[in-house]
Every structure is written in structure tokens, then in C-alpha cells.
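Common to both upcoming complexes is chain A, partnered first by chain B, then by chain C.
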Partner chain A sequence: MALSKTAHIVTAYGEELDQLADELARMGGMVETQLETALAAIVRRDASLVAGVREREKQVNAMQDDVEKRVLRLFALRQPLATDLRMTISALKIASDLERVGDLAKNIAYRAEDLAEYAPLSLLDQVERLGAIVVKQLHEVLDALSSADVEPAIRVWRTDDEVDERYNALVRQMLMSMTEDPGQVEPGVHILFVAKNLERIGDHATNVAEAVHFMVTAGPLEADDAKS
Partner chain B sequence: MRQPSADERPLIRIRRRDTAAVAALGAIVILLFWMFGELGFVETLVAIATIAGLSTFYYLTVSTTLNPARGPDVDDSAPAPVDPQARAQHMLDSLPIPVLLIGAGGRIELANPAAREFLGLGSAAGHLSAVLRQPQVLEAVSTALRGQAVDPVEYSMMAPVESHVRAFVASLRAEDDRVMPWRAMLVLSDETSIKRADRMRADFLANASHELRTPLASLAGFIETLRGHARDDSEARERFLGIMFDQTERMQRLINDLLSLSRVEMDEHVPPSSETDLSALVEDARDYLRPQLEEKAIRLTVRKPASAPAIGDRDQLMEVLLNLIENAIKYSPEGSAVQIEIAGPLMRDEAERPELVLGAQASRLTLAAPASEPRERYFAVRIRDEGKGIERRNLPRLSERFYRVDGQKSGPKEGTGLGLAIVKHIVNRHRGGFTVESAPGEGSVFSVFLPVPAAVRERARESV
Partner chain C sequence: MPDNQSHILDQNAGFGETEPPIKVAARDVCVAYDGKQALNHVSIDIPDRSVTAFIGPSGCGKSTFLRCLNRMNDTIEGARVTGSLKIDGAEVNDKSIDPVVLRASVGMVFQKPNPFPKSIYDNVAYGPRIHGLALSRNDLDGIVESSLKKAGLWEEVADRLNDPGTSLSGGQQQRLVIARAIAINPEVILMDEPCSALDPIATAKIEELIDELRENYCIIIVTHSMQQAARVSQRTAFFHMGTLVEFGRTEDIFTNPRDPRTQDYITGRFG
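Showing the complex of A and B:
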């Protein structure tokens, strides 16, 4: 992380900030994998993947605790200032957002178990497409976090509209096919929940984007700022 | 011949410093004594001289015992023997496979150029987790850092481009480090094309059979009729044969499109390296489409710079242009105008989000976007028609395979539903972008932007 590249007089301090960034990146990777696996479970109708997602969920929770402990320790021992302060505060926020993403991914994976009992829905490819965008959002924002780069963060923040758009289109179509064929109602409801969770994950990705923006520029991410 | 090793020289420097400090302290103490009248002038001088003499003697003794061979005979001027290490380093650098050495705490200690390129690693080496977040790989590396053997792990990424990678991790023992004796070597191998080929085959079969069923069913129906009660009706026979010909033509178009789509997808993650002039390409496309333009009496205006070089495969970019212009012609009313504009070199945002030209009702959507690369500049090609326009809610699905905006039948004259999907995949491969702006009743603007070659980019930056 660029922030820790600024050398500190006390090397142990710089080291601790480094480790915090490392832990956060690991957590991000974990959540990303969780989401990808959960989506694969839905799209490929493979309920055997669910156990893996659940396992990761525990690790993610442990990691969030760990990040919190590290942040607390940094505050207590080092009293970080300026960039370091923003980085530690953002780490706390980002960790809780990532933990939520992990939760939502787990919920998505659980739906795969239920969905496997029904015939494949024609709308699955749209879920896949929505999922692909959300995965990309998450990936880009985590990249932005690793490289402490604002530009991709702003892009993610802006692209959230597209996620909402796709989500709305999917809901509309699902409702339509549910009214046409009552047999689709039960699997349809599961699909709707999956889509909702994906949309929520998109929102968390924008939260992370805001935190990254704050960390780097010390300012909030606002609409007029995003246009420039 | 033994070269003086690096850690002896600083030692002498430290001794020298210590000696000087002690001598100076002694001199100051003696001077103080003299100032307070404890010592006479001559005694002071003698004492200082003694201290100086003793320190010099001590320094010389120390320096010669510590490093007896120090002198002009140990010189670096001797021809350096061919260093096997340098050779190994050279080999590592030219290896096309990403290889990394991970040190204690998961820090990247060494990465060969292939690895730097593969992971998008800058010159500064940091934690591995900053560039490769895959938990399986990080876990394997941690295990290897504890000195345990690890099996190869596979990981896949869905973003930014789908890729599948197999990672081999081996633990290496560093002889010179007693505290942290283990390092991990990480070798990555890209297996995307293999996996992709697999999936492509399944997709292709599903799509193709679905789309071919309709014309085939109609063919079968007509054949049945021709064999049955229309056998002797020559008028009906002529009409049916005409329809059947249209249907076979449609199937042929479909198969061509499917083939070209799967071809494009196969090398989607191999970026093209050649250069193509978009201005010349647009001219060629116009010549090619002249008959269709004349048939519908459509005026085609082109605004372009003298040359617009972009990184790209000429044939594929031609396919992009033909698809987009053909679409524009197809959905325009007779006698209307189609405008093509080439602009650039533009920054990413200028290329992706230009001013809306279709008024307040217009909505815009990015159908394909490159990974963000702030230094990149783009040439944008915008194709504007005066057709019916597309409703906002239909925009996201435009580049889906076989998707047709409602009300469009897949009749004999209509498209295969694959055109925009092909465009999107080609643009993705070129690391470019594809956007659409549309307003119902006003028309649509389809834009494609492609990265310019590095040389042009530099020139553009200088002129700013």
C-alpha cells in the first residue's frame, strides 16, 4: 500500500501499518473468492460448493476481528496522524463492509442448495451477468485499495448505477415470468433474493470506494467530484 | 584471491570514529584542567600530544590487524570471472513464465519481468497480497514459508477478464538467514485458453442448436407441404422455394456469425499488437457498404482526421465497423442520414463519456470498458443514426447474444442477434471500450474507442 511506503522513524510502526494493509488485502481476496464461488454455485447449479463458502465465511469473520484488533493497537500505541490516521480509520470501515459482503455471499450460496431442486431457469444467464458486474466492481475497488488509487475507486462509485439498472431489469423480468407461469414462483423468489444480495454487494463495493477515496484524498466522494 | 568482504570495511570506520572521539574527549578534559589552573601550560601541551600520539598508534594497530591485506594489490581491476549467478539471473529474466520469490511475511523479494507483467506489478515490491489476493495462493505461500511442501493450487478470476491460473509453490531454504530460513518460490501458469475452449464448445452447441431450430422447422414444414398437396401447384412451389432459400441463407449467416464470435472469444485475452489506421478503415467500410446505402438512399457523412492510428487487428476492426454501420443502415428510415465521426486522441473519460448529443431524453450505457489505465489515450469512432432509438431499459441487454429489442422479428432480412456481441468481444480483446447512447425517436449513437499506439500517445501528451 502506497501509504506505508512513506518511511516512519519507528520502523515497527511502518511495519504494523504494512501488516494491516496486508491483512485487509487478504480479507478482500477471501471475500472475492467467496462471491465468485457462490455465483458459480448458483449458475452451475452446484450445491457442493456451498460448504467452501461457509468455511471461508468463518475465516473472514476472524480476519475482521483481527483487523479491528490491529487498528485498536495502532491507536493505543502509535496515535496515527494524517495519512496514517485516515488509513487506519478506513481499514476499520472497509473491513466491516467486506465482512458484510462475505455474509451476503454466504446467503447467495445457500440459495444454490434450494435452487438445485428446480429445473434451470432461463433467467440464470442474467443473474450471471449481474454477478459478473458486481464481481468486477469488487475486484476493481480492491485493486484501488491495494494501489491507493482514486481513479478506479471513482469509476466503481459511478458504475453502481449500472448494477442497479441491471438489477431492476432482472426483477421486472422475473416478475413477468412468475405471473405467466406459477411454477416459476418458488425458484423465482430465490433468484430475486440472490439478485437483491448481489445489488447489496454492489452497494458495499461503493462504500469501500468511498473509504478508499477518503483515505487517499481526505475528502468525501461526491457527485460533482466524480464527474470531473 | 579473496576480496575484502563487505562487513570488514565498516568495522574499520567504526574504530576510526571511536578513536577520534576518545582522543577528542581526552584533549577537552586536559584543556579544562589547564583553564582552571590545575595544570601548567607546558604540561597541558605534553599531555595533549601524548593522547594524540597514542590514539594514532592505536588506530594504526587496529586497522592493520583487522584487515592486513588492505592495499593496492587487492583491486577490482582484475577481469571479473563469469558469474554463474548473473547467468541464472539472465535466464530468469528472459523466462516467459511468471516466477516470484516471496520472503518472510509475504513480501515479494524478487519477480521476473514476466511476473511483473502478469500481475501488473510496479517497480516497488510490496506484499504479495497487494497484487494477488487469491486466498488459496496466499495460504499455500504461508505454508511454504513454514518450510512445508505444498500441492499446486488452481485459482480463477472472473474480473477484469476471466482467467484461470495454476500456481506452483515450493519452499526454498536460504542458507545465510538463520532466523527466517524459508522463502517461497511461486510459479504461475495461465491455463485460461484451455478452460475457455472447453466452455466455449458447450456454449456454442447450445446457442447454435437453439437458433438453428426455427429455420430448420420452417424448412421441414415447407418440404412437407411441397411433397403433399402443393406438389402440382407450380405457383406455390416457386413461392415456397423462395422462402426456403431465405431460410437457408439465414442459417448460413447465423453459422458465420457464430463461428466468428467463437474465434474472437478464443483470443479475447491475447491483445493484438499490430496498428491500424481507423480513418482509412472507415473509408474502406464505406466503399464496401455502398450498395446498401444506395438501396435505402441514406446519406453517410464522415468527419475524421487525416490519420487515426489505433492498436488493433485490421480484419477484426473492419468487422466492428461493418457491424455497426450495417446496423445503423438497417434501423434507419429511408432517406435519412448516418454520421460517422472519429475523434482523438482522447483521455479515457472523454472517450467514454462525451457530451450527450441526442438531447435530454437520451440515456447512455457502457457495454464494454477497458481496465483503467490512466496513461492510455484513445481514438473514438462514433456512429450516429436517425432510427427509432432504443429504450433505456433495453440498453443493458444489447450486447447479449441473440438478444433483439422487442418487436424485432428474426425474419429473413433481420440480423442474427450476434452482431453487437461480436463487436463487444472484439473491443474487449483490443482493451477498448464500447458505449451506446440512445433516445427513443431521436436515434442512437454507438461508440467504440480503441487505445492508440504508445508513440502517438507520447506525441499527444507533449502537444498538450
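Showing the complex of A and C:
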């Protein structure tokens, strides 16, 4: 998350900012693993993976608390300015979004336990595709964060429409399927919740993209930027 | 590099039409002491009725530029000032301008409070007396009272106006000095690190005073405290090695400075 090429005169201050960036990167990595594991639990119908996702969610919550404490301390003791100010405030926003992603990944994992009781569903491949896009979004936006690069952030921002379209198509098909076969209603509801959670994770990834854009450029990620 | 040192209102600094009119206009101002260049081609438009902060490392030229505004460099042997510097359109360095008259309209407050060894009353009355601003004792009483009120000191000293100015606390002395400057109806008030010798409470009172005074005066403050510049000013100018590097809205300078030198300085990095 190097926004400046030069080092702080007060070494401890620079180290505190670096530690904040490191903690945020660890949190991002943890959340990414959570989402991938939750999706694997759904696609492979493997409920044994759920416990790991739940455990990581607790760690992610603790990391968010840690980020908040670090930000509070930086504001109180260092009064960050310019790039440091933007980085610190963005860290607070990003940690909040990542915590929500962790929570949603946990919700997805829980559905794997329920879905394991049903025969494989035909729409599971579409969930897998939606999941793959959202995983890529999360991966790219974390790259954007660690490299302080707006290009991947803009790409993630652009992908949000595709996520919404795929989610809406999946809902339509699931409703049709449920109408045709009442036996699909119960597993279908679980699938719909999974899809909804994925769509929400996509929204949080775009929030992170906007925060990264602000952190780097000091400006909002407008629709014009995203289209250019 | 005169181009990147030009910070002219409505062109580079991004100020809107609702901004107060320009009070101080500098073009290519250079200062040298005994041939050694201290300020290089500074061009800046400073608006009236607002606070402009000058920041930058020691020796960057900010105080040198401040001293150009009331021709205090005249008192330094070997100092040479070139370029154009206008206040309300009048050339400050014009031979027809009497520095004494100029300094009445461009008041200055220094780092250390410097009350005269006189009573509180006489400290404030001194300027109006020598400039003939009061026709009677009543007039003078009125000027002293209103100046002390504007400086936020009246209530603390009203019952001891005959006490020596030096008997006041540091913060009160600084407000007394500001009252003394206000008493002669200045147009511009220059402040050179006015709070660096004060505790946080006295500093807060001066900052509150600056915020009130900006409704009627063009205030220019030199400060080493980034937080103070952020708190009191509407615009900030960053000086570095004798050049004006960046000038803009204070909010922009402290959240998104454009020049890496400004960025390094305000974030406390090696530049």
C-alpha cells in the first residue's frame, strides 16, 4: 500500500502505518480464503468445510477490531495528513467491508450444511460461475489495495453490473424451476440465499474498489472513470 | 522556474467567484540578502477577509515573504527586493509609499509577545496617538476599549488598564499586541508564529480570535504547526527553498497536495 516513495522522518510513525496496511492485507487474505472455502463447501457439497469458515470469521472480526484500534491510535497520536490521512480513513472503511464479506461467506457456508441433504441441483453450476466472478473481484480489489493501483479497482467496479445481471438471471431461473417442481423449493431457497450473499459480497468488493480509488487519487470513483 | 511558482487566483488555485476580492497581489517577488537568494519569483494572490497560512521548513522563505508585505526587509542591510507587490492595487515598494504609514495598515504580530514597557491602556493607545486617530481622550478611550474587545481581552483587563502590559500572561500579552495592531485600523494583519510560545489554552484563544478577526481583515499567518494551519486558515501556501511550491484551499493541501514536496513535508517524510 505504498502511496509515497519516501520514508517518514519519525520511523515509528511509518512503522505504524505499515503495520496497519499489513493487518488489512492479512484480513483480506483471510476473507478471501473464507469465501473460497464457503464456495467449495457449496459446490462440492462438503459440510465438513463449514467449521473452518466459521472459525476464520471470528478471526476476521478480531482483525477488524484491531484495525479500528490502530486507526483510532493513529488519529489520536499522529494526526495523519494527505496520503497518510486518506490511507488511514480508507483502512477503516475497507476493514468494515471485509468484515461484512467474512460474515456473508459464513452465511454461504451454513447453507452448504442444508444443501448437503438434497440431491444435486442443476443451477449449482451457475452459482459456481457467479461465485468465481465474485472471488476474482475480491482477489483483484485486494491486489489493487496492496499495490495502491487504481486500474484493478476500476476493473472490479466495472464487473459489478455483470454480477448483478447473473444474480438476477439465476433468481429468474430458480423461480421457474421452483414453479415447475415443488421439490426444488426448499433447496432452491438455500441456493437463492447463497446467490444473494454472493451478490452482496460483490457490492462490498466495489465499495473496497471505491475506497482504494479514493486512497490513491483523493477523488471518487465516478461512472465516467469506470467507463473510460 | 517561474511557471510552477505562479499561484494566481481563479487560475491555478481553484477558487470560485464568491471568493473575497484580492487584497495582496505578488508577481515575481525575489529577495536576496547580500546577493544570496532567499526568495525566488513568488507570485500569489491573497484574498481579503480570510486567513492564509504560510507553511514550510525553516529557511524556506515564508517569513522573508511576510516581511516584504510591510517592508521590514528595508531595515535589513544588504536586502534587495524585486518584483511587484501590491496591496489593494498600490505598489508596496513604490518610493512614494512611507513605510511607517504602510506598517500602520499592515500590522504585525510576532512569535514572542512584545508589549511596550507601558500600561495596558498605553500599549493600545500608542498607535492611535502617534497616527493622530483620536481627537479627544474620549475618542482614545473608545478606541482602546473597542480594540481590546475585538482582541477578546477587554473583560480580563477592564479593571486594571493602568497595570503594566508585561504583567499579563503570555497569551494575554499576545492578545494585547493584537489589540495594539487593531487600534490603528490595519488592512492586513501579519502573524509570524503567534502561538509558538503559548500553551494550548492560550493558543486556542488566539485561534478563536483569528477566526473572528478574519471577517474584517486579511490575515496572513506563518506557522510551523500543520494542525494550526489546518485549523485557522482557509488557504495554505507551502514554501520550500525560497520558492512557493503550492498554494490552494487548506482542505485540499492537507488531504490531497499536488506537489510531492508538499506531500513529503506535511506528512513528515524525508524530502
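Just so we're on the same page, the second predicted complex is superposed on the first by the 226 of 228 C-alpha atoms of A that agree within 3 Å, B and C clash if a C-alpha of one lies under 4 Å from a C-alpha of the other, contacts with A are read in each partner's own complex, and residues count from 1 in each chain.
Here, contacts are C-beta pairs under 8 Å (C-beta built on N, C-alpha and C of every residue); 3 or more make two chains touch, one makes a residue touch a chain.
Because the structure is predicted, anything quoted here is derived from the model rather than measured.
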item: Overlay on chain A: chain C relative to chain B, clash or fit; value: fit
item: Which of chain B and chain C A:139 touches, first, second, both or neither; value: first
item: Which partner reaches more residues of chain A (counting touched residues only), chain B or chain C; value: B
item: Chain B versus chain C as contact partner of A:169, first or second or both or neither; value: first
item: First (chain B), second (chain C), both or neither touched by A:82; value: second
item: Partner chain in contact with A:113 - chain B first, chain C second, else both or neither; value: neither
item: Partner chain in contact with A:46 - chain B first, chain C second, else both or neither; value: neither
item: Partner chain in contact with A:30 - chain B first, chain C second, else both or neither; value: first
item: Least C-alpha distance (whole Å) that remains between chain C and chain B when both complexes are overlaid; value: 18
item: Footprint of chain C on chain A - complex, ascending; value: 4, 6-10, 13, 79-86, 218
item: Complex interface listing, chain B residues touching chain A; value: 105-106, 124, 126-127, 129-136, 138, 155-160, 365-366, 371-372, 374, 393, 395-397, 400
item: Interface residues, chain C side, partner chain A - complex; value: 226-227, 230, 254-257, 262-264, 266-271
item: Of chain A, residues touching chain B in the complex; value: 1, 5, 18-19, 21-22, 25-26, 28-30, 32-33, 36, 39, 56, 59, 125, 129, 132, 135-136, 138-140, 142, 146-147, 151-152, 155, 159, 162, 165-166, 168-169, 172
